[in-house]
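Sharing a structure below in structure tokens format, with a few things to ask.
Per-chain numbering from 1; labels A, B, C and D assigned in written order.
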Amino acid sequence: MPESEFKNNWKHKLHDIIYEADTRAGKLFDVILFITIVASIILVMLESIKSFDEKYHNFLNISEWVITILFSIEYIARIITVKKPWRYVFSFYGIVDLLSTIPKYISLLFGGIHALAALRALRLLRIFRILKLARYLGASNLLMSAIKSSRAKISVFLFAVLILCIIFGTLMYLIEGEESGFSSIPVSVYWCIVTLTTVGFGDIAPITPLGQFIAALIMILGYGIIAVPTGIVSAEYTAQGRKINPGPEPKIPLNSKSCENCLAENHKDKAEYCYNCGERLYG
Amino acid sequence: MPESEFKNNWKHKLHDIIYEADTRAGKLFDVILFITIVASIILVMLESIKSFDEKYHNFLNISEWVITILFSIEYIARIITVKKPWRYVFSFYGIVDLLSTIPKYISLLFGGIHALAALRALRLLRIFRILKLARYLGASNLLMSAIKSSRAKISVFLFAVLILCIIFGTLMYLIEGEESGFSSIPVSVYWCIVTLTTVGFGDIAPITPLGQFIAALIMILGYGIIAVPTGIVSAEYTAQGRKINPGPEPKIPLNSKSCENCLAENHKDKAEYCYNCGERLYG
Amino acid sequence: MPESEFKNNWKHKLHDIIYEADTRAGKLFDVILFITIVASIILVMLESIKSFDEKYHNFLNISEWVITILFSIEYIARIITVKKPWRYVFSFYGIVDLLSTIPKYISLLFGGIHALAALRALRLLRIFRILKLARYLGASNLLMSAIKSSRAKISVFLFAVLILCIIFGTLMYLIEGEESGFSSIPVSVYWCIVTLTTVGFGDIAPITPLGQFIAALIMILGYGIIAVPTGIVSAEYTAQGRKINPGPEPKIPLNSKSCENCLAENHKDKAEYCYNCGERLYG
Amino acid sequence: MPESEFKNNWKHKLHDIIYEADTRAGKLFDVILFITIVASIILVMLESIKSFDEKYHNFLNISEWVITILFSIEYIARIITVKKPWRYVFSFYGIVDLLSTIPKYISLLFGGIHALAALRALRLLRIFRILKLARYLGASNLLMSAIKSSRAKISVFLFAVLILCIIFGTLMYLIEGEESGFSSIPVSVYWCIVTLTTVGFGDIAPITPLGQFIAALIMILGYGIIAVPTGIVSAEYTAQGRKINPGPEPKIPLNSKSCENCLAENHKDKAEYCYNCGERLYG
């Protein structure tokens, strides 16, 4: 076996571990990655609690470095094992993976300047590592297709809600005025959204009888029209379910392999070549 | 070609641009109108923020004049190109279009008297330009018909909710009294609506144990009966969908032309005369 | 025509006017009654506003007397025209009609003692005249039957919600303690209901991190399980609709007559005798 | 009849009374148990109200002892009448029954040390007697199966909501900062959950315009996506109903007997042996 082939073989094995979940090693990798992401998010959260950060600063710093190095290794491994690395680097997950790693290295450069607000924001970027968890949301196909197919209708609905809020917000600004906290139209519209969606903070509340009357109208409206998006999703969801389960249909067994060339997934179990780019599938 | 016919031809072209969205010019007109309306609403909002108004008063004033002139031109063009102008002037959109234009001209007359409350209200009328956006909501036919067909039932439901609120509001007025903020029956009913719709501002909240017990009852009731309008709309929506999609039905291609005489829309693609008034359709 | 028969005839006509809505006089009676009830409720509400009551005390007093006398006449007329008056007197509407009338007469007896709390409560009893409006809710048969058939399931659901609230309320009482406003278990349970139903007054709110964590759990739970009653009603409503509209079924024309003997309603158009007690139907 | 057989017979009768609800004595036992549980929960609640506890301390103490002794008798009777007592002792209800009884006995040991916080918590454990009521929730099979079959989807949905809340919470922490109450990321995430679920306490509320804008986005998002779990449960519930009522199916009469050996329930009316363990069924 020539060296280049051996190298390829080694790459394929690593590719299987990182990108697929069918082998034992692949599953283990997924579990470790999941735990590392969750741990890293908890770290960022704890760091934002001042009293905690002051007490355990060293512990937080070391843990953060451990996680950053783990993510760096993962990032490099992903680049090496994919055939066309640039395609991965500029994909959604490629960018998320990079942004999950660099903030700590940058903080090394400007380490002494702790108070810099922009840097603080940069460090918080690490919280977006949570987007890496989106990989684990893939199972909800029926849900997603129901939301997608009703997206247009829900947009129209939310657009109508926004128009209502602007009109009622302006009305309330006229009726209540600045003494009640309705200090400008944008604030009134904000209050109207708070009320119509039945959130109701109470930081701003109408005082005049007419204002309270209009507020009651807005609430009842919000209570009544919440039925609309629910009805839409409910009906679409039922329709989706019917489309997918119209009778006993033959199920094609798929696996979790992903093509090393184009990253396409959901290959048939028996497939030997990628359905998307024709690249040979290994593993 | 005699002059009158040429003039007619010119009118027809303008009519196509303003009232229809099938040609490139018509689409462009729609996009520009949409942007102008949104810009004008943002202007009114910014004007209501005092600190902003003081800083950028001149910029706001000039922008407002630009938009007002644009709307004036649109209004006049609409009147000219329609065959029966009065029908347009007294239609819903005709009135909205007029009200979108005049406040700025009136402010010219009383320009010096800035503090006049009535004038302030008049200037705010411009926010109702947002109703012009209603033209773009037309796509949601299924949604509207579902709401319409369940309107009667939702009205009965809201009527029952109102009766409940009056009864519980009176009870709370008796139990809590004025110390807790339940200063009169209307205020108590207002609080009851705030609670039943699960908004919950918290500006008024029961203090006595009995009052809190009744409040808990009202909340659970509100939590339970929110299911009713949702169930209605959901069921109606499913029914509407069934009515509309009972199988492969022949689809009649419609276009976005609107009759120059009676403003009727949704003509068949092949139609040469208005289905409503028999007027010839151009374009 | 002997006198007794003439008297009977006169009684029948009055009975038709009061109890039925098929004749013009019957419809007029219904409209006037509806307006009088609404006016009487608005009067009670206005009376509870102190500043208003002080200003327009005489106007309120006179209007209240006019309405009380109208209701007294209606009550007497209803008793006279029904064959078995006692059955009416002790029916739901009979009691409501009586309670709508007497408070004003009683206030005459104790007129001077204005501050008496019990009397104030008695005067407020008049607000329950709103229950007379329940007569106009009859049209919503489909709605009512959907609620009725899902009542058992919703009760089980609310029972489960209550158990959850007691458990979480006790937990919060332990965690937060009295400093945060969770002063006893009943208050904590009240707060838990306020939170789970997504009302959220904010008069009591957790301060400790653990308390906020549990609170977040309760909210997400409440957000998730609001789906349950909605799903139940929605499904029952769809089922009800199917039962009622399974195809073209023969509709039996009913009228709004009510039997003078047993007050039963929904007689067939052609019926000459009451389906319930066999009494002859007039009108 | 030898003694051992007589004893067995006596045990069987007691077993019927405690574990089954088919005989008159069994029903009576269930009703008394239900009332005792509710009374015991009310007692714990009243005890937590300081002013009440000070006034009626003796009454509360005695009542609590009566209930504890009743529960002890029930617990012992349940152990005696079951064939394999250990299986009952370590079952869910066995543990709940034990925990409902011991706190009072332990309080006897440390009776004088009233202020001990841990003891106070222990005494409150008695509130979990409410879990004994779960026995009465068994009727809601359709409901439970609908929730169970949509559990996976709702989990995915709540997981996505949590990710959203962490991202938006971090954003709000950056935008609003500590002055507005967004003192750390966990607190911001807590606020975000409060807002997205439309609870809206108002103890923390955005002040900056950008913060209010993001808050409005979160609310509209929460208002829109509440439709998702509702749609899921609604569709699943309809599907469950269809599965269960596909036509006239033969119903197998079941009874409320429970096996004395393995506690299995839902035996056929004619069954003479337990379907689960083969033990003979008595009664």
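FYI, a residue touches a chain if its C-beta (ideal position, glycine included) is under 8 Å from a C-beta of that chain, and two chains touch if they have at least 3 such contacts.
What you see is a predicted model, and the numbers here were worked out from it, not measured in a lab.
Chain B maps onto chain C through a rotation of 90°, based on Cα atoms and reported in steps of 5.
Compared on C-beta pairs in contact, C-D and A-C come out with C-D as the pair having more. For the self-contact between chain A and chain B, the two sides draw on mostly distinct residue numbers; the shared fraction is below half.
Chain centres here are means of the Cα atoms, and by that rule the chain farthest away from chain D is B. A separation of 33 Å divides the Cα centre of chain C from that of chain D.
A straight line joining the Cα centres of chain A and chain C is 47 Å long.
Touching of two or more other chains is recorded for residues 157, 186, 189, 198-202, 226, 230-232, 234-235, 238 of chain C. Against chain C, the residues of chain B that register as touching in their complex are 152-153, 156-157, 159-160, 163, 166-167, 170, 173-174, 183-186, 189, 195, 198-202, 205, 209, 212-213, 215-216, 219-220, 222-224, 226-228, 230-232, 234-235, 238-239.
Only residues 198-202, 230, 234 of chain A touch chain C when the two sit together in their complex.
Those residues of chain A that touch chain D in the shared complex are 41, 44-45, 48-50, 120-121, 124, 127-128, 130-131, 133-134, 136-137, 139-140, 142-143, 146-147, 154, 157-158, 161-162, 186-187, 189-190, 193-194, 196-203, 226, 229-238, 241.
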